[in-house]
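As written, the chain order gives the labels A, B and C, with residue 1 at the start of each chain.
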Amino acid sequence: MNRRLSWFNVTSLTLGFAFLYIPILLLVIFSFNESRLVTVWGGFSTKWYGEMIRNQALMDAAWVTIRVAVLSATIATVLGTLAAITMTRYVRFPGRMLFSGMIYAPLVMPEVITGLSLLLLFVAMDFSRGFWTVTIAHVTLTMCFVAVVVQSRLVTFDESLEEAAQDLGCPPAKTFFAITLPLILPAVVAGWMLAFTLSLDDLVIASFNTGPGATTLPIKIYSQVRLGVTPEINAVCTVMIAVVAVGVIAASLYTKRAQVEKEKAERAAVLQAG
Amino acid sequence: MSKSVGPVKRKFAPWLDPNAKPYIRFEAVTKRFGDFTAVDNLSIDIYEREFFSLLGPSGCGKTTLMRMLAGFEEPTEGRILLDGNDLAGVPPHRRPVNMMFQSYALFPHMSVAENIAFGLKQDRMPKPDIEARVAEMLKLVKLEKFAGRRPHQLSGGQRQRVALARALAKRPKVLLLDEPLGALDKKLREETQFELMDIQYELGLTFLIVTHDQEEAMTMSDRIAVMDLGRMVQVATPAEIYEQPNSRYVADFIGDINLLEGRVAAVEGQHATIAAAGLDRPIVTEHAGSAKAGDTVWFAIRPEKVRIGLEAPTDPSLNVVAGEVWDIGYLGDVSVYRVKLPNGTVVKSTLANVTRLVERPIGWDDKAYLSWPRDAGLVLTS
Amino acid sequence: MADQSAARGPTWTKWLVVAVPYLWLLVFFLAPFVIIVKISLSQTAIAMPPYAPVFDGLATFWDNVRELSLENYVWLTDDPLYWRSYLSSLRIASLSTLMLLLIGYPIAYAMARAPKSIRPTLLMLVILPFWTSFLIRVYAWIGILKPEGLLTVALQGLGVLGPDEQVRIMNTETAVFIGIVYSYLPFMILPLYSALEKLDGTLLEAASDLGCPPVEAFWVITWPLSLPGVIAGCFLCFIPIMGEFVIPDLLGGSETLMIGRTLWNEFFSNRDWPVSSAVAVVLLVILVVPIMVFQNYQKKI
């Protein structure tokens, strides 16, 4: 249906996207405000970015956050991919119902519950809280998101490709690395990115499971936000938004270009064959 | 079969030789998926260098049978032997058979040459040998210029060739082909049929092919196995399947056929007379099969063996029935006349359009006479 | 048929694939729930951890069972703070889910009707905020809604408000609704869009060909066929909103009660772990039915 949009549809889209983007845009704009007052425009300045970089506590928190995010996203991607394979390929095994329940439940489980229950586990296991507990908590949450993303790719995966590889003498485990993994890689990468940003953004679960020396950026931002809006926090938020936006847009442009090129090649193949 | 029917160009019939050893042997194989029986107590012998087709509608178990030979499914009961060795428990990557998949299953992230080399690399063949073999395969399927292309940069016919080359590269003793021509258009399919036959003959391979296309099976095969609901209905050469089907199912599945239900009035050897309700004269045939007097049977005759005319033929040895022309289908090369008999049965007769006459003498609603010789049809009991 | 690829491989690799994520989830997702239930049944103690241990071993098992008490749950029913928090959460979650549906549906509908060429861009625009931090998006609203914030400035500039007047939205329930609708909108739009996008346009053409006016066609064709998306979107929003903490904490006033916030305060301010566990268990019980429905739905697609 490539007809033109009715005025009603155009209005919904305009209002909808205005609602979604204006608050973020304002936040970004005011991070470049010379004035300390958020409501008064005092001229363009990048001084708050300088302040931000000089704020050692903030930089420490950012460093912890990035370490947690990279580590937890990587572990979550491995576990989530295994879980996705389990869910798509192993139709019957004892406890399958429970397994898929444990994959889907964390997606909607209120974070306060996930955070509190994990903390209680760590205390019961006498595990001292800090970097590792936050990492484990994030793995548990984000592996389920990875599993869902990878699973949706595996569902459409042509299994005869794996069968063809085995038919040509490739053992099952090697088949996974030679055929399956390269082909589902875009979904695995998307899963990693999702896990990474979820970990980067998480406040609630990290707050429950953190310990001395493992203050993450959201925890730091939260404690400052409670004291009021400051341009410095606006600057931190802008950097975080920029990092995520650049990553997501680059990834989507890349997939789009690959898609376009593939379609072009297919058309060319049909033409030269015809 | 005591006597062979149909054309015999090259004598290849190891299944008639009691001393020949089957190369592939399915022994009472059954495969169940839960409550569903996909293959039901089935046995076949396939010989070396044979071009063997499994033919049947979708869901008849033909693909399951092939997948069991490739190792993707294990039989629930029975044994599968390859060159005398039981294949039970041998994983697919250790079986000396290769398969060409219906979807072709070309690896999209590898070039044509890498696809063809894939199986050879698994065998740790030395690099120069792999290159030589890949070049040879590319030449065989006439794709030398396309070695560096990715599968999505090829047309459907080219992909089919890559799939074939990849499956042949390891020089398997047996090549399994799952609906190999299904995705091609009609013209290309016909060309490719003959290419497949040439390749099979030149390389001296055993081909086992799964298809639902009877024309494909008829053209290429040494023998065809017609399957239905997991069972083997008939295994025979294409000509036998066409001329001597053993049941209404096979007769109806392969080509077009007229079936007239009736009762056997008298049998003497292969000579029988059949009384069909509503026909004033009994049908006389020289192919009684296993019918006995009093049986309810079906007289089967192919439309091209029924002659049609506006005047009653005078030869007393012919079977003749009169009817009214109900419908005429003009197909270019032939015309199909659907003639309604007094009892309401519609009998088809095809007539080759040997002249360029646009106006045909027989028209709608004409009274027409259908006739056929005594040995043109046969009696089916099931 | 799908399990044959597994059946073929060496069994240990097959089991490793299942066992590693399975064990992880058993230990770090399921076991914590057992512990949370256990602690919700134990006594508060002034110690570290601040509760009396319940199970130390099999020998003391029965002693411990006798010590288990429903005291914390009784406490929940006694103090109106808790049940009012639950009710208020239910009310806010239901109302905001409804608002999300009313706002999200026209947007998703317009996206699905947009020319094919711009649909990926629109989808991207919806997904992008979903990737950015929840906390940041809530924080952005503080600057807008606070009394001396941007909304006040804007309305004063337009002359709607006098120079000394200020908007009073911050720290009210309205601010919480705005924050929730804003934060969860992508979660509502995405499933709605995927359901509406699948809708075959020829169905509407067929309906109109058979004499059905467009508005009626929407109610008899589009709406029923988009129901799976509606259901998914509603559960995807309702369940996490029930336990929402950041939004009521940052945007809501002291009178905005939500159970996630109550739990947080109980845990971080009062350090009453058994009671906060009990609060979590009750919340979980309330959410079990919607979560099960959501899972069933997930498995079908």
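In this section, a contact is a pair of C-beta atoms (placed from the backbone, for glycine too) under 8 Å apart; a residue touches a chain by one contact, two chains touch by 3 or more.
This one's a predicted model, so the numbers in the text were calculated from it and none came from an experiment.
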item	value
Most distant chain from subunit A by Cα centroid	B
Interface with the most contact pairs, given as the two chains involved	A-C
Chain ID, smallest distance between chain and overall C-alpha centroids	A
Subunit B and subunit C, separation of their C-alpha mean positions in angstrom	59
Centroid spacing, where centroids are CA-atom means, of subunit A and subunit B in whole angstrom	54
Subunit A and subunit C, separation of their C-alpha mean positions in angstrom	17
Per-residue multi-chain contacts in subunit C, two or more chains	1, 8
Where subunit B touches two or more other chains at once, by residue number	71-72, 91-92
Overlap residues in subunit A, where contacts from two or more other chains coincide	163, 166, 171-172
Subunit A-facing residues of subunit B, complex	70-72, 91-95, 97-99, 101-103, 105, 107-109, 118-119, 122-123, 150, 152-158, 166-167, 170
Residue numbers on subunit C that touch subunit A, as the complex places them	1-3, 5-6, 8-10, 13-14, 17-18, 20-22, 24-33, 35-36, 39, 49, 103, 106-107, 109-111, 113-117, 120, 122, 124-129, 131-137, 139-144, 146, 148-150, 152-153, 182, 185-186, 189, 201, 235-236, 239-240, 242-246, 250, 260, 263-264, 267-268, 273, 276-277, 280, 283-284, 287, 291, 294-295, 298-299
Interfacial residue positions of subunit A with respect to subunit B in the complex	158, 160-161, 163-172, 179, 182-183, 262, 265-266, 268-270, 272-274
Touching residues on subunit A, where the partner in the complex is subunit C	1-2, 4-6, 8-10, 12-13, 16-17, 19-21, 23-24, 26-27, 30, 38-39, 79-80, 82-83, 85-86, 88-93, 95, 98-106, 108-114, 116-118, 120-121, 123-124, 136-137, 139-140, 143, 147-148, 159, 162-163, 166, 171-173, 194, 197, 200-201, 203-204, 207-208, 218, 221-222, 225-226, 229, 233-234, 237, 240-241, 244-245, 248-249, 252, 256
